[in-house]
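The structure under discussion appears below in the form of structure tokens.
Labels run A, B, C and D following the written order; every chain starts at residue 1.
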């Protein structure tokens, strides 16, 4: 089982990343930090005559990695009660590759297992629920299994260390991943 | 009452835009089509020593317009069960300007009235609800009044014309705006 | 197409009932006012050896009517951000009859079309959304088609008459039902 | 800190009760099993001239206990993607006592801390979210602090013992309650 973490934060060493590092501690894995790459927002050409055209950015490099893993951990801070713009832009582009015959996109995703790690400051265990529901619809649409999610409470760097409940859940995941 | 529509689609003349045009037909208004501008995703520097630094893109141009209107219509297609990445990137940057002393950001937003128009294809009147809830939390956070929303059902260009219920609601808004 | 309205309010002539009467004006239909009947909360005996036993109340009388209609309008005020206890007690008992061989419960429900009318006072177009999502899951579970919903804003008797948008939608439904 | 658990299940020794017993193991507390009492659904007389009238059932007995505790654990199985009818009927009656001058209802609730324990079988960590959101709105309305929630996955008696994550969270709560 190959594990990939996709980090959607625009900040290094943030709270979401801390929780994620707990979950995959001492586990072989790949990390994609979206802010390290140039990814353009989708241009919706589904209904144009010519369909989608090649985009000059880093997306396809990431795509190969993405499709090549079995377990995907989507790690995003809660920005404005949703996933970060960076992660949304990444996911929006799926619409293009669902239709790209060079990739076996839909079949590959339908075999992946999805995990979500998110942190926020404004009562995230409630206000983060629409985001969890959104991920639920996304994974359902592509057939990924939504295994579990962690919602941590934290704003300033390091604050997540006070959310014992979130930390413990990340450790549980870590135990589970070790035994895969 | 000055009306601004913010279009989050990556496609011109789409279904969301059609509904929006119904709502503001023959009404004086300003339109921002986000895909016409270069807007960078936020880099979260809230907790860095120096704070946010200037960003070389079109954001501040749009910001002046945004702050200068009383009624904001957020028009976004449902992409992956949420607002478009373009619109999310636009909203994420609010975090920067909430803290920018050159703008009276928070006070101005707290006087604005917000409307949301969105369309989607996969049972949007249910699967679009997390998006409406997210907008609810966003507007609540900045003190904007969430006046109303329209969720239309449509995927292909023109399909929205079959959603009589959404069209009628856009016409109701139009009547209301006329009498402001 | 036989239409049934199920009224979950504990109060006669309330706002939800007013909207419902608009929707079915001059349309042949049956009405069940739940508060007119004695309905016991479910006793969950799914996992007992003997299974469910007969319950001494009015439920089965209502059940025959319920199963014998094609379009069901669930009309409930928003009580504490959910359906009324009366309506919840009515729906909970489905668990019993799903397993009762005397009724063709599951197959019949899977052919029904569901509509929801609800009204509330505390920002119902947002705080009523979990209720709509709950109905979505309920109908999905039994295979009913969730056709549409109306969320009206009103607390005191008669207030619904100020919610033009809800009234118009009820009239739209009325037009539609007339042409069935 | 006086702890009260309110059990909404119609079944003894179910999965929700098992989780709850873990959370309050060796902790002094009071338990109300709603199915042991006769509680009538509310009759909404808020807008009648005479207001609410006395109801001949067990409610006021429970009410005194309810108001006399600091921490309330609402434990309900997920029935039809919501709280049990028994628990909904219990909460609906709050509308009556909010207005009853014999009780200091609103002030007392505004000092209480709320916890929710719920279990369900059909993907409860997603389909249970509207219920959590509903509780969020309820507690917000009366000013109770929504401390935390556990969503367990289980249908048949005993199945909850396989949900390690829910069990561990109940144990965390137990540690926390011990140190109050």
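In the analysis below, a residue touches a chain if its C-beta (ideal position, glycine included) is under 8 Å from a C-beta of that chain, and two chains touch if they have at least 3 such contacts.
In this text, all values refer to a predicted model and were calculated from it rather than measured experimentally.
When the interfaces B-C and A-B are ranked by how many C-beta pairs touch across them, A-B comes first.
Chain centres were defined as the mean of their Cα atoms; on that basis the chain farthest from chain A turns out to be C. For the pair chain C and chain D, the fraction of shared interface numbers is greater than half, so the two copies use mostly the same residues to meet. The mean-CA centres of chain B and chain C are about 34 angstrom from one another, to the nearest whole unit. If each chain is reduced to the centroid of its CA atoms, chain A and chain B end up 24 Å from each other. For chain C, the set of residues touching two or more other chains reads 129, 133.
Inter-chain contacts occur between A-B, A-D, B-C, C-D. Considering their complex, residues 9-11, 14, 35, 41-45, 47, 77, 79-86, 88-89, 91-92, 94-95, 122, 127, 129-131, 133-134, 137-138, 141, 156-157 of chain A touch chain B. Against chain C, in their complex, chain B makes its touches with residues 125-126, 129, 132-133, 136, 146, 148-149, 164-165, 168-169, 172.
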